[in-house]
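Note that subunit A is present in both complexes that follow, paired respectively with subunit B and with subunit C.
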Partner chain A sequence: MNLYATQLECLLVILGLGTLLTDAFRPGGDRRKLGYLLATLVTITLLYSFTLAPTADTFFHGMYRLDSFALFFKRLFLLATAFVLLMGAEFVERFETGVAEFYALVLLAATGMLVIASVNDFILLFVALELVTITFYILTAFLRRQVQSLEAGTKYLILGALSSGFTVYGIAYIFGTTGTTNFDKLATLLSAGGSGSAFLLGMLLVLTGLGFKVASVPFQIWAPDVYQGAPTPVTAFLAVGSKAAGFALLLRVMLAGLLPVSAVWMPVLLVLAAATLGYGNLGAISQRNIKRLLGYSSIGHAGYMLMGLAAGNALGSQAVLFYLGQYAFTNLCAFLVIIAVGREEIADYAGLGKRSPILGAALFLAMASLAGIPPLSGFFGKFQLFAAVIEAAQTNWHYYILAGIGAGAVVVSLYYYFNVGRAIYIEEAKDTTPIPVSLPVRAGLYVCMLAMIGLGIYQQPLVEAATLAAGIFGLK
Partner chain B sequence: MNVHDTLFWFFSIAMLLCGVFVIANRNPVASAMALVLMFLFMAGLFVLLEAFFIAAIQVLVYAGAVMVLFLFVIMLLDIKASERRRFAFLGVFGGIVVAGAFVWEMRIILSQPVIPLQSGNTDLSAGLENVVKPLFQHYMLPFEVTALLLLVAMVGVVLLSKKDLK
Partner chain C sequence: MEHLLTIAILLPLASAFLAFLLPAKKPGAIRALALFATGVSLLLTLYIFSQFDRQDAGYQFVKSIEWLPSLKVNLKFGVDGISMTLLLLVGIVSFCGALVSHEIHDRQKEYYILFLALTTGISGTFCAMDMFFFYFFYEMAVIPMYLLIGMYGSLPAGKHGRTKEYATMKLTLYLTAGAVLALIGLLTMYYAGGKTFDMVELKNNLRLAGSTQKWVFACLLFGFGFLASLFPFHTWSPLGYAAAPTAASMMHAGVLKKLGAYGIIRLALPLLPEGARHWVDLLAILCIFNILYAGLAALTQKDWKFVIGYSSVSHMGYVMLGIATLNVIGVSGAVLLMFAHGVMAALTFSLIGFFYHQTHNRNVPDLSGLARKIPFIGVCMVMAAMASSGLPGFANFASEIMVFIGAWHQGSTVFRIATICAVWGIVVTATYLLWAVRTSFFGPFDEKWNMLKDATTLKQKFPYAFLLAVLLVVGFWPRSLTDIIKPSVQRILATNSHRLAQMEKQ
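Now for the complex of A and B:
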């Protein structure tokens, strides 16, 4: 039964280890084709995951769950992995070495993310989190001839190690005061008796570590540098996979394990959400590099999603899941365009609409969706998050302030997203050579654009999946 | 204060001092030696908890194997003592403010009565069996994930440090 529950992880591990061996058995093979092949295989795994049924049972002595929440995130991670492998295949010429290892590391990081989706115990949480984070240190520094990439990797390593230290320290306090690391047992214990102050200290330390993963203020300092310096496929994986993993853990820890003490952590998240919204959106205004801009924007979006979590109602947690789902398509679309264009300054995107209509349209739609323009999916995602905050404000007026700050952030973000839009369609291109777009990238862009528009108009399927997934927490 | 408490305070304070030496020393070899001492004192803490097996492993693996590797690397790379640097006062000041705020916060939190919700019932003293059985039964999945983690780290080191980029 245990093996059955972890079959998706097992498949990815087999794929990853097999890829590691390709250099030994087929040196000098076509690495681009290998990337396309792996992306296809992961897509098949994604489709296969829809045959799995969620269950209320726990596996591995209560450490691992395969409920609808876990499956929702597993599918999201598989989707992101397939796209990142496709991006890696497009990026092949820019790697100097180790393309097969790059794919393998992406697959192993994805394995860690799939485990994270199912985590039900602090020990497993820490180990899976480290698997993902350590793989990302390597991936970030992958272009080791480039100073920027190395610098980003080092920064990420040092700050990441510090935040991991906080997490373990917090877990030690939690275990020391409750004698358990299991989320279910923790929830039972906490609702039965009060919680000691040392326990709360542990909880805040764990929150620090998870705040680092999702790049929320005040643990966000690394995000712009790492997003800019890392190879673009890795940046995309950070923005879509790593961030979603952080939110999966935040939701699971806070809503499954620590819900009985929500009176303590909700105000903390409220303040963090407001600060994150402000920092991300104000910081993005002056950016000239599009990856750095998306780094700041990812901080801002972490703020929107924290809003939903801070609201602490059923609508809020469901809205976070919906937002993560549509955010994945939007960001993957933007990063696919960045890889196809191959340049990072926003000025280089002048006249993109004429040079390549499909790239121009895709990037424009992605920016509009990030800004939350109807009828795109970003609009509906934000609408739900704000609705959740307003609902929470009926009982606690402080949430009105949060909603106000969120609305201000949306207005500010319009400016810098449309700066990119203006470059694409209004500014004249200095260089008017058309940009070739390969067939797989074209297909990926169509999928993303279809999802952005489709989920904006017909939200039902994703809303239903998100409602089902968030339903396991039993919030009102 | 009985012997147990005295020893606890001795080991803890000595550990903290050694930790400070590790980062305050400019000579990397001296730093590594301070780290060895710190591991030894930590082993002492485990002995006080009657976790004799973990204490022994602490000495063998950390103070022994891991530290020898550290020293090898330091000596192979021939790292010189780092130069005396001028303090960035803003950085030092900011660091003190943040650390002070954290200590102050902890003091407030820990000054409230600490009520263990449920005391830990793991008896570490019974020996090897109580360490190994949970590791390979209860905690099997994290154990396997750790194996992947080590593989990833190994691949990463080879990739990032190999000399020729083909």
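Now for the complex of A and C:
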């Protein structure tokens, strides 16, 4: 039974180890083709995952779940992994060595994320979290001859270690005061009453530690630097996979384990959401480097999603899942374009619409979707989050302040996203040579654009999946 | 029958997708597609208008498709007298806009895709009976507008050193700021109305305390007020119009701007009666600023498009004053004025586009005696100026009179003063328009404009003549529209006073 529940993870581990072996057996092989092959295999795994049915059972002595929530996130991570492998294949010339190791590390990080989707216990949470984080330390510093990449790796390492310290310290407090690390037992204990200040301290420490993964205040400083310095496929993985993993943990811990004490953490999240929104969106205004811009923007988007979590209602948690789903397509689209163009200054994107109509259209749509403009999926994501906050505001007027800050953030974000749009379509190109786009990238871009427009107009399929996944928390 | 309305609204968007698939190397085919889509939409709208039941004040041609059950969102379209009038306006202006777009030569494919998407965004907002889709279509105009102005616009240098990039960004930010403000109000209404976006259900279910109504109304009034260029949120407007290409100016000044006023009439007035009572006096005062301040600002402008841009801000003051009266004749006048001003603004901007395309100069003092070379355009411009100044015989006259009567009839001192100022506003309007027309079209002929070519063929003349004809027909026979507007306005205001009575009883 346990093997059944972890079959997706096992598949990824086999793939990862197999990739490492290719270096031993075929040292001179075509690494680009290997990337395409792995991306295809992960896509097949993704399709296969739709045959799995969610179950209410727990595995590994209650540590592991395979419910609809876990499956939703596993599919999201598999999607992100497939795209990141495709990006890695496109990035092959820019890695000097160790392409196979790169693929293997991506697959191992993905395994960690898949476990994260299922955790039901603080111990497993920490192990899975470290599996992802430590792999990312290597991945961010993968361009070992570039100072920026090394700096990014070091920053990520130091702040990551600090936040891990926070998390594990918090877990110790929680275990020390309640005597359990299992989320279900914790919820039962807490609803029976009795949570001392030591327990609350532990909870807050865990909350801030997890905030590192999603890049929320107070652990958001790393995001712009790391996003800029890391190899672009890794940046994409951070933005899509690692962030979603952080939210999977936050949702599971807060809503499954700590729901009985929501009166304590909801105001905290409210403040954190507002601060994160402000930091990300104001910081993004003056950016000239598109990856750095997306780093700030990812902080901003963490703020929007925290709005949904802070609202603490069914619509809010569903909205976070929907948002993550559409955010994956949007961000992957943007990063695919960045890799295809191969330049990072926003000024280099001048006239992209003429140099390559498909890259121009894709990046513009991604920016518009991030800004939340209909008929793109980002609009509906934000719409639901705002609706959730206004719903919470019907009983607690403080949420109107959060909605107001969110509204202001939308306007500010429009400015910097449309600055990229201005470069693409309005400014004249300095360099007018057409940019070649390989067939797999083209296919990836079409998938992302179709998803952005499709989910923006017809939201029902993803909403249904998100409702089902968030339904396990039984919120009203 | 019900499908016709949905088709009329969505046909341009469907054509935009189709145009996306056509090769960019065949601009002729894409332009033909755009003309076909807007033309058929206009014909369908006219057919719906002819079949419209004039006795029925409620929604007609209602078509509802379940869209998102979890939030109770339905794709629901329908028209009452107010929507019908404005849908007609969209049809007329978008078709004429597509016709005069032959001046675009660069990147035609993107141009027509954006133009068609914009058209659906606007007509969708006017006909949506579901608040979600109302907002969806309302915001959908953002991308096309930003790119149309940024990619195809032009702003002669020197005007405060502003560029078209600045103008289009300012316009986008202002409109979005207004939209998100309104969104907070709309979502509050969604929850207070028992979680429904359906405007009819909302009318029956909404329960909001007086104090809440006051600030929700403020959200809607100022949120939509941004788009309606309500003072002091109007500054994006003249600049944006000046920078926009002809057809985008026509769509924006003619139709898009009316979405703001429409949102207030459709959502704020019937559902938030107490809020409305609270804010109308302030609104009337702001309208005085709109009318006189923007009018005086127009007096000082040299650029034709800035003159008309300020003029349209000034005219929106009359529309908002009409809304503020909260009586049938005033609000009906406001709706009719939205139609009349929409056609008139589209006409003026298309005429400016006609000569600017050849002169590359629209500075009023630089132009002189143009009427000698382009008599047809000159005559149309004189007529447009007369319409704008509210001369009898044009639709603007009928509607402005209705607004004045409504405002005077309202009775309070604020409104009496506002009425007097508004009447004086007409003198200001006449002053700057007649000055601009006299200077640039009459007077000594300047040889450097010898190369100008007039609209000679029927094909060239048609859009201008058509818009002018609409103004005259409605001017001589305003009942063609007021007959359908009034019952619907009555119904909206009846809901308003019925609600107020209910609240007072409690």
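By definition in this document, the second predicted complex is superposed on the first by the 476 of 476 C-alpha atoms of A that agree within 3 Å, B and C clash if a C-alpha of one lies under 4 Å from a C-alpha of the other, contacts with A are read in each partner's own complex, and residues count from 1 in each chain.
By definition in this document, a contact is a pair of C-beta atoms (placed from the backbone, for glycine too) under 8 Å apart; a residue touches a chain by one contact, two chains touch by 3 or more.
All figures in this text were calculated on a predicted structure; none of them were measured in a lab.
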Subunit B versus subunit C as contact partner of A:P375, first or second or both or neither: second
Partner chain(s) touched by A:F418 [first = subunit B, second = subunit C, both, neither]: second
Which of subunit B and subunit C A:Q459 touches, first, second, both or neither: second
Which superposed partner A:A407 touches (first subunit B, second subunit C, both, neither): second
Touching partner for A:G246 - first (subunit B), second (subunit C), both, neither: neither
First (subunit B), second (subunit C), both or neither touched by A:A387: second
Which of subunit B and subunit C A:G351 touches, first, second, both or neither: neither
Chain touching more of subunit A, residue-wise (subunit B, subunit C): B
Partner chain in contact with A:V13 - subunit B first, subunit C second, else both or neither: first
Residues of subunit C that touch subunit A when the two form their complex: 24, 67-71, 110, 132, 135-137, 139-140, 142-143, 146-147, 150-151, 164-165, 169, 172-173, 176-177, 180-181, 183-184, 187-188, 190-192
Subunit A residues within the subunit C interface of the complex: 315, 318, 353, 357, 368, 373-375, 379, 383-384, 386-387, 390-391, 393-394, 400, 403-404, 407-408, 410-411, 414-415, 418, 421-422, 425-426, 458-460, 463-464, 467
Footprint of subunit B on subunit A - complex, ascending: 2, 6, 13, 20, 60-61, 63-64, 96-98, 101, 104-105, 108-109, 111-112, 115, 123-124, 127-128, 130-131, 134-135, 137-138, 141-142, 144-145, 175-180, 189-190, 193-201
Subunit B to subunit A touching residues, read off their complex: 106, 109-110, 112-121, 137-142, 145-146, 148-149, 151-153, 155-156, 159-160, 165-166
